[in-house]
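Chain IDs A, B, C and D follow the sequence of writing; residue 1 opens each chain.
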Amino acid sequence: MTFNLRARLTAEFLGTAFLVAAVIGSGIMGERLAGGNVAIALLANTIATGAALVALILTFGPISGAHLNPAVTLADALERGIPWREAGAYMLVQCAGGLAGAIIVHLMFGLHWYSFSSHSRNGWALVLSEFIATFGLLSVIWGCSRLRSGTVPFAVASYITAAYWFTASTSFANPAVTIARSMSDTFAGIRPSDVPPFIVAQLAGALAATFLFRWVVPNLPLHAEEVLVPHPRA
Amino acid sequence: MTFNLRARLTAEFLGTAFLVAAVIGSGIMGERLAGGNVAIALLANTIATGAALVALILTFGPISGAHLNPAVTLADALERGIPWREAGAYMLVQCAGGLAGAIIVHLMFGLHWYSFSSHSRNGWALVLSEFIATFGLLSVIWGCSRLRSGTVPFAVASYITAAYWFTASTSFANPAVTIARSMSDTFAGIRPSDVPPFIVAQLAGALAATFLFRWVVPNLPLHAEEVLVPHPRA
Amino acid sequence: MTFNLRARLTAEFLGTAFLVAAVIGSGIMGERLAGGNVAIALLANTIATGAALVALILTFGPISGAHLNPAVTLADALERGIPWREAGAYMLVQCAGGLAGAIIVHLMFGLHWYSFSSHSRNGWALVLSEFIATFGLLSVIWGCSRLRSGTVPFAVASYITAAYWFTASTSFANPAVTIARSMSDTFAGIRPSDVPPFIVAQLAGALAATFLFRWVVPNLPLHAEEVLVPHPRA
Amino acid sequence: MTFNLRARLTAEFLGTAFLVAAVIGSGIMGERLAGGNVAIALLANTIATGAALVALILTFGPISGAHLNPAVTLADALERGIPWREAGAYMLVQCAGGLAGAIIVHLMFGLHWYSFSSHSRNGWALVLSEFIATFGLLSVIWGCSRLRSGTVPFAVASYITAAYWFTASTSFANPAVTIARSMSDTFAGIRPSDVPPFIVAQLAGALAATFLFRWVVPNLPLHAEEVLVPHPRA
C-alpha cells in the first residue's frame, strides 16, 4: 500500500516528535529521580528510547518508512529508495517534528518551552563516536531491510539501546534529534555550538555504511516503502 | 474465530485485573526494596508493567481484543469496530476488573483491601501529559492494528514502557486503571479528586488520535477482533 | 516432528537445570554486587530469569514442549495433552534437573554444592501470591498456546518478569524450582519447611486457571507438542 | 541467497568488531557512571551486550550466519555446516574484528588504543563457568537453528543476557571476544595469562553441546546459511 506524501510527512513529523519527546523527557525524569546516580538516569533514558523506537517504527513504518532521521533519508535517497524532492520534504518535517517534540516535552514537565543547552559535548573522541554510531545504525538498517525487513523495528531499537552505552557520545546518530536536543538545557541536551561537528560525523558515518553495504548486499534496489518498512506479513 | 460476549467480558475482566495488579504491585515492591531511590522503584514499575502488557495482550487479544482500557474501547466503538452496546459492557467490566486487581494486590502484600490514595497528581502539566500519553497510545494502536496487527502487543507494551518516563504523569493513559489506582494509597496511587481531569484528558487524547488516523490510514474499518487483535498467523 | 521420550526427558532435564541455575545464580551475583540495594539485586534476578525463559522455551519447546514445571505438566495431562504416564516421568526429571541446576550453580560460584535455605517465606499473603502467580502463568499458557502458540516463549517470559514484582512472593510458580531453591541458602532460597504450602498453592492456581480456560477457550484439545510448543513456522 | 566468501568474512569482521565494542564500551561507560555500584555497571553492560547481539545477528545473520564466535564456527564445521577451510578464515577474521573493535572503542573513549588487562579471572570455578556458559550457548543455537531458525537472534541474545548473571565468570563464551578483552584494561578486561584456560573451557563446552544435540536432534545436517541464519521469512 502506498500512502500519499501528505500522510507520509505527517507520519515523519509525529514520529520524530515522539522520538525527541522520549529522549528528552526520559532524560529529565531520570535525572530528577535518580538521586545523582548518572548510570541509573542513563539506564532509564536508554530503556525509554529503545522502547519508543520499537513502538514508533512499528506504528509509522508502514506509512512513511519511519525514517525519523535525515541521515537515513539521505542514505535512502542515495540508493534511489526515495526521490530527492521527497527526501528534502522528509528532512524538513523531521527537523520540525523534533523541535515540536522538544517544546511539548518541556511543557509536560512544567519548564519554559525552550532553553538553549549548556551541555558541552566536544572533542575528537565524541566526533568519532558519532561517526561509528551512525555507521552502525545504517549498517543495521541496510543489512536488515534488504534481507529481512520485518525485523527492522527490533534491530534498530536494539542497536540504539546498545549504542547509548558503547559510544562515548551516547549515540545521537540523528541530525534532527541533535538539533532538537540543542534546544533543551536538560540531561539530554547539547550545546548549540557542538551541533555542527556531530551532524557532519553522522552524515559521514551514514554514507560510509551505505557505500559499504552497496558492495556487501548489492543488486537489491527496492522502493522506499519496501526497503525500510517491515512488511505487513511479519 | 469469534468468542461469545461472556467469554470476551471474562477476558477483559481478568486482563484488566492483572494489569492493575502489575501496576500497583510492582510499585509497592519497588518502593519497599529501592531504599529511597525513586528512579529504581520506577524502573521496576516500568519493566513489570511493560512485561505484563506483552503477556496480557498476547493472552487475551485473540479472545476479546484485549482492550483492557475504556479509552481504547471508546475509540474502537467510534470506528465501528465494536457495537456501542457491547462497548458499554466492556467498559464496565474493565472498571470492575481494575478494582478487583487492586484488592487482590493489597491482600497479596498484606495490606488492608483498599485505601484511598493521598498521592496528589494535579496541575496543567500533568493533564497535558495524560492527553499526550493517550494520544500516543491510540496512535500506536491505530497505526499497528490497521496495517500489521500481529505487532500490537509489542508496540503497545513498548510505548507504555517509554511513556512512563517521557511524560510527567508517568502515563496512566487508561480510565479504568486510573480509577483503580485511586483506591490504593501506595507508590502508584492517585488522589481521588485528581482522577476526573486525568480521565477527561485521556479521552480527549484518544479521540484526537482516532480522528487523526481516520485521515492518515483511512478506509480500513475492520471488525474489532481483527482490528485490535494480533492475528493468529503472527 | 515428534521426539522419542528419552530425547524429551533430556530436554526437560536440561531446561529445568538451566532455569534453576539462572534463578539462583543471578540471585547470588545480584546480591554480591548490589551493595545492599535489594531492588537492584531483584532487578538483575528478574532480567536474568525472564531472558533465560525466552532462550530455554525457544530451545527446548520444539523438542519436549518446554514445560520445565510440574504444574504445567499436570495441567497439560488434565487436558489430555500428554499421557499421565509420560507426565509422571516429566515431573521426575524436572525435579532432578532443578536439583542438578542448583548444584552446578553452587560450584560455579565456589560454594558448597548444597545448603539448606534459611530464608523464611511463610504466611497467607505469600500463599495467596503463589496461587495468583501460578493462576496467571497457566492463563497465559492456555490463552496463547491454544490460539497463537508461536508467542508462548515471549508471553511466558514476560509474565514471569512482571510477576517477580507484582506478587509478594516474587512468583516462584513452579514446584520443581521451589524444591531446588530450598537447597540453596542464597538470595533466591526458601526454607524447606515453607515449601509444602507454596507447592499446594501453585497446584491449586494451575488447576483453577485450567478449568477456567476449559470454559473460555474450549474444544481445542491438541497434542502436547502442538499445544505448548511455539510452532516452527513462527 | 548465498554470499561470496569475501562478503561473508566482511560481515564476520564487522559483526565481531561491533560485538566487542559493545561489551568493552558499555563496561567503560557503566563503570564511569555507576558511582561504585558494580551491579548497576554490570546491568548496563548486560543490556548493551544483549541488545547488540539482537541487532548484529539480525543484520549479519543472512549474510554470513553471524557466528561472530570461533566456538560457534568450530561446532558448525564439525556438523559439516561450513567447510573447514572457510571455518579457518571465519575464525581469523573474528579474532581480527574483535581486536579492531577493542581499538576503536578505546579511541572513542579517549583511551590509549590498547592496554593489557590486569583484571584477574582465574580458578576452577570460573573455568567451570565458561564450560557451562558455552555449553548453554551452543545448546541454544543447535536447538533453535535446527527447528526454528528465525528465533536464533532473540534466543542467543536472551541466553547471553541471562548468562552474564548466572555464571560466576559473567559468561565470556567466545574465544575471539576473550582475546580482545585481554587487550583492554577496563571493566570487561581479562588478564592475558587467564585467557588460555577460558578458551579451552569454551571449546570443551561447545563440543559437549554439539555432541549432545547430535543425539537429541539428529539427522538435520543443513548448510551453514540455513542452519545458523534466521530465515528471511521470519
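Assorted remarks:
By definition in this document, a contact is a pair of C-beta atoms (placed from the backbone, for glycine too) under 8 Å apart; a residue touches a chain by one contact, two chains touch by 3 or more.
Since the model is a prediction, treat every value here as computed from it, not as a measurement.
Looking at chain C and chain D, no chain is in contact with each of them. At the chain A-chain D interface, residue numbers used by both copies make up under half of all numbers present, so the two copies contact each other through mostly different positions. Among the remaining chains, the Cα-based centre furthest from that of chain B is the centre of D.
The angle of the rotation superposing chain A on chain B, based on CA atoms and rounded to the nearest 5, is 90 degrees. A straight line joining the Cα centres of chain A and chain D is 27 Å long. Centres computed as Cα averages put chain A at a distance of 39 Å from chain C.
Shared interface positions of chain C, i.e. residues touching 2 or more other chains, are given as 37, 40, 43, 47, 234. Looking at which chains touch one another, you get A-B, A-D, B-C, C-D. Residues of chain D that touch chain C in their complex: 36-40, 42-43, 46-47, 50, 123, 125, 128-129, 132, 136, 139-140, 143-144, 147-148, 150-151, 154-156, 158-159, 161-162, 164-169, 212, 215-217, 234.
By the touch rule above, chain B contacts chain C in their complex via residues 1, 3, 7, 10-11, 14, 18, 21-22, 24-26, 29-30, 33-35, 37, 40-41, 43-45, 47-49, 51-52, 54-55, 58-60, 62-63, 104-105, 107-110, 153, 157, 230, 232, 234.
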